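Here come two complexes built around subunit A, the first alongside subunit B, the second alongside subunit C.
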Partner chain A sequence: MVKYIGKRLLRSLLTLFIIITIVFALLRLMPIEGYFQNFEKMSATQIQVGLQQLGLTDPLPQQLLHFWQGAVQGDFGVSHKYRVGVDVLEIIAGKIPLSLAIGLTSLALALLIGLPLGILMARSTRTRWKIGDKLGTVFVVVIQAIPSAIYYIFIQFYCSQLPGFSMFFDAKRPLTWILPICSLALGNVAYYAMWLRRYMVDEANKDYVKLARAKGVPTAEISRRHVFRNAFVPLVQFIPTSVILTLMGSLYVESLYSIPGMGGLLVNAIQIQDNTLVQALVLLYAAISIAGLLVGDILMAVLDPRITLGKKEGGR
Partner chain B sequence: MPNENAILSFEELEIRFTLRGQVLNAIRGISLDVMQGESLAIVGESGSGKSVFTKSAMGLLDANGAITGGHIWYGGKDLAQFKTEKEWLTIRGKEIAMVMQDPMTSLNPLKTIGDQITEAVLLHQGLKGEAARKAAMDALAAVGIDEPERRYRQYPHEFSGGMRQRVVIAIAVACRPKVLICDEPTTALDVTIQAQILDLIKALQKKLDLTTIYITHDLGVVANVADRIAVMYAGDIVEVGRCEEVFYDPKHPYTWALLSSLPQLGVKGQDLYSIQGTPPNLFYEVHGDAFAPRNPQALNIDFVERPPFFQVSPTHKARTWLLDPRAPKVEPPEHIRQLRQKGGYPHG
Partner chain C sequence: MAIFRIKDSKTQALADSLDRQAQRQFTQEELFQFAPYDPGAGERGGYSDYSYWRSTLRAFRKNRVAMFFLCVILATLLFTFLEPLLPYDREPNTIYYVEQAEINLFTRKPVLDEKGNPVMKVSRATDRAPGEEFWFGTNSIGQDLWSQIWSGTRNSLFIGFSVACVDALLGILVGVLWGYVRKLDFLFTELYNIFDNVPQTLIVVIISYVLRPGMGTMIFAMCLTSWLATARFIRNQVVIIRDRDYNLASRCLGTSTGRIITKNLLPYLVSIITMRMALAIPAAINNEVFITYIGLGVPLETPTLGNLVEAGRKVMGEAALRYQLFIPVVILATITISFYIIGNAFADAADPKNHVN
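Moving on to the complex of A and B:
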């Protein structure tokens, strides 16, 4: 197990290294305005001096090396536009808690609603009219088919009319948390319900369920101890990925509700061409994504004994 | 009324399935007594309803199937009247247990072997905690698995096919049933393992005083284990008798045809015998003898009226008009008579 995790960790680091290099290379292609506060008024010599101070006139390999050294030491440079002279990490650290709070709450909410919904739908496929399954499918299809941006706006527009609710987020008023959290959760609810239903229906038709019935296990217990348990394993792999999706999704929701979180920050940084900040943010997202996949893989390996850790021939 | 020595007794059982609006008569009025302590083999080709028939005694029919007539007597109760899961839970495992065909898929891949046996122990032996664990390990040892302590903690994928079938048997036995239904227990196994598994079931039957019902289309298995044979065709039992009676003195043309298809009876250089035609479509009502359309020697009445059972001996009966005193004398095929003269069972 330790060996497996170690291997996966090394591979993740390699991926991260490649991503950092690509981000670095891309940023060299960005216009240099992003490094100066009042680029228009500066003379050519001033710009040259400025670039030299930032180390941007060095040969590329040396720049990459510098960048790498900085990254390893946690130094990603200072912001040149957003908040001039402030360490980008400090800016990000100030924003993360809010995004994380909203993202994780919505994910928890999605699991809390999506999983029971999936179980309900799967159970309903065994009844005569399959009403639960049909209604659930309608919900899933609607949510999956409509671009999230559209129902986000609908929710904001109509639900904010309710007393106590607001078009905008205010961290101090708990009611204003509800709309963005629900908006974010909606997609995940549909996602989890759909996949859990699918896996549970698959599992319920397997022979071991028949054997469990034949040995006299009550249906409710089979459903819980065998079918749900086994159907949940492939879902576990999705959960860390969901964490990432929540963060990405919040790009939009956060700017809709004017939430001072991570998502809005990236949009902002790109708009004002604050190169160092963009660089650090992209890196952070990449790192989170990779970590999510890594955790997903490890969870799968822990839960499914058939996954032979790290071996190619694995007897599936 | 059921025979008093019968532990399980089917009486005029009818089972129907509804498939896409059509009604399929899967079981068409079967009466059969399963005697206490015997081992009965139900043979028949695929689709003849062997599995459905036995599953009905455990309430394991698929949701679109139902018992539409007749009775299943067990312990003074009519299982055919059972409606709720609660009623069936008094039978499943506890009284009648089952060993399924494919050991590769009949164990939960994500639970340890131990957990899966313990589940049965907890349900049926009234033991808890360490005692249940102990009982599960005993069950593993009883089916001939070495190092039960280590095996207990392993997962199904760490077992070979034959070993898994032993585990499935251990689970069935851990329920402490009185009747054990073995639904093609060796079909999915290697030939070398088949005999071991059959020997194991036979040994357990003796040790635990079980009544066993084998479902199979492998006559080699039948010859090896069965006291009595019931031959099934198109949702009906056409011939029942002691093993030697059915093998050496078969009366129903379908039994003849089935025995003729045995590779052991083939002559080198000649094509193997195969029964012409296909089984009847059970979506339609069957008139007369279901086998008549495939039987070259069928009598006219075979197409009109369903034959009753004619008693050949106290233990042997067959559902064919050939046994009617008015029927012309039709001899079984030459090689069937040879089988009798050779006096050997067709070992698989």
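Moving on to the complex of A and C:
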């Protein structure tokens, strides 16, 4: 177990290293306007001096080394456009709690609705008309097939006209939290309902379930104690990844509702071309998602004793 | 017995004779007699005219919803490509001018001359509601939305198809090599584990940020990582069927690797590849909408559904202008839902387990 986690961790670190190097290399291709606040008014010498001060005229390997030294010590440079001269990490740290609060609440909501919906759909496949399953499938298809960008817009527009709701987010008014959280949750609700249904239907066709049914175990009992538990294990792996996906999805939702969180920040930084801020944010997102995958794999291995870690023994 | 739909004479004859036997009234003595042993009957084999593609098509045709959406998507595709040939077609980027009553900017009322008639003036045909002259209305700078939308649909579909094609091509190439050549398996698996961890949205965002915005950049950014999943999928399938007996036999008989791959392995994978392509198209179109919203999309001279939705979103606040959002959204949703449903229905139909009955 420890060996597996160690190996997995090493691989994640390697991935992170490669991503950072690639992102670093790509950002050197960027127009240099992103490093100055009033680029148009500066003379050529001023630009040259400015670049030299930032260390951008050094040869590339040296720059990379320099960047790495900074990154290890937690120094990602200062913002040049968003808030001039402020440490990038400081800007980001101020935004994380809000994004996290919204992301986690929406995920909890998604699980709370998505799992019962999945169970309902799976159970209804055994009834005559399968109404629950059909309605649920329509919902899943609509949510999955229509670009999320579009239903976010519609939710924002139509629901904000209800009394008490607003087009924009205000941390002090609890009602304004509802719309962004619900929008973020929708995608995950469909996702969890769909997969739980599929795994439960697969599980319900297995021999041991058939035996239980033949013995006369009540249907509710079977679906709760046998089918659901086994079907839920593969889903556990998705949960950490969904935390990341909510963070990613929040790119859109946060800027739509002007929530002062991280997702909105990345969109903002891209629009005003603040190179250092984009660089740091991309790193952060990559690190979070890699960590999420790692946690997901470990969580699944811990929950399901049938999964053996490390080398496969006696495989095909 | 009417369930048998196979219109083959032999099968039909067999079914009929079975039917007759089942319906025959047996007398009491006949029912309790030993059946005589007939060695010929034991040798009689069943007759099967099973064909994979015919069964797949049959299963697909039975799915009414999928057939409906297939018609919808075919009609849309046909119309999108025929639209530029229609009479009354307008150039999507031309700004139109019409003679209209001048409006006072402050009072928002028509300006009147001494006789009380409105002053006419030639100005941009901005924000015209859908009507006889502009079928889908005009946008905020006076371009014709009808031609903008169809040209946008064309461009978005082009992006989707290109991404799907590259996805399939690279995915098959790498996936088959990865699965079939044992020496490469370790290397590719490690590489995959590393690169699969990178979130795709981030890569698309970064590439669009760094390169000059345009159709090429957009397609390149989306192609860069999407084929990884396809390659992985195909690799798993290839590993499963690589060592089946018939492949072993082929290898013993000295068939070249290339021939085994193209004749023995790939036909198995056609259904998977088609399904993945059908699902890659709506995904690419969705990505395009998202990228446009962040401000990294295709320049406005090239209308795409993403650009049109984004333009419509900006004027959504005014009830009279909402058609600028609704029309592109309806078309976008039709296309993505159709592809999604067709892809899933095809995947179900291609599964031999669903070919029985």
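Just so it is clear, the second predicted complex is superposed on the first by the 302 of 316 C-alpha atoms of A that agree within 3 Å, B and C clash if a C-alpha of one lies under 4 Å from a C-alpha of the other, contacts with A are read in each partner's own complex, and residues count from 1 in each chain.
In the analysis below, a residue touches a chain if its C-beta (ideal position, glycine included) is under 8 Å from a C-beta of that chain, and two chains touch if they have at least 3 such contacts.
Model, not experiment: these values are computed from the prediction.
Undergrad: Using the touch definition from the top, say if A:1 reaches subunit B (first), subunit C (second), both or neither.
TA: neither
Undergrad: For A:112, using the defined touch cut-off, is the partner it touches subunit B, subunit C, both, or neither? Pick first, second, both or neither.
TA: So A:112 meets neither subunit B nor subunit C here.
Undergrad: Who wins on subunit A residues touched, subunit B or subunit C?
TA: It is C that touches the greater number of subunit A residues.
Undergrad: Touch check for A:271: first (subunit B), second (subunit C), both, or neither?
TA: In the superposed model, A:271 contacts subunit C only, not subunit B.
Undergrad: Look at A:93 in the shared chain and tell me whether it touches subunit B only, subunit C only, both, or neither; answer first, second, both or neither.
TA: Neither partner.
Undergrad: Which of the two partners, first being subunit B and second being subunit C, lies in contact with A:171: first, second, both, or neither?
TA: neither
Undergrad: Looking at the overlay, what does A:11 touch: subunit B (first), subunit C (second), both, or neither?
TA: Only subunit C is touched by A:11; subunit B is not.
Undergrad: Just to be sure I read the superposition right, which of the two partners does A:289 touch: subunit B = first, subunit C = second, or both, or neither?
TA: Once the two structures are laid over each other on A, A:289 reaches subunit C alone.
Undergrad: Quick one: in the complex, what on subunit A touches subunit B?
TA: Of all residues in subunit A, those touching subunit B are 126, 206-208, 210-219, 225-226, 229-230, 233, 303-306, 315.
Undergrad: Which bits of subunit C are touching subunit A when the two form their complex?
TA: 193-195, 197-199, 201-202, 205-207, 209-211, 282, 285-286, 289-290, 293-296, 309, 313, 316, 325, 329, 332-333, 336-337, 339-341
Undergrad: Any idea which subunit A residues touch subunit C in the complex?
TA: 11-12, 14-15, 18-19, 23, 26-27, 29-30, 141-142, 144-150, 153, 157, 244, 248, 251-252, 255, 266-267, 270-271, 278, 282, 285-286, 289-290, 293
Undergrad: With touch defined as at the start, can you tell me which subunit B residues reach subunit A in the complex?
TA: That would be residues 58, 60, 63, 85, 89, 91-94, 97-98, 100, 102, 105-111, 119-120, 123-124, 155, 157, 168, 171-172, 175 of subunit B.
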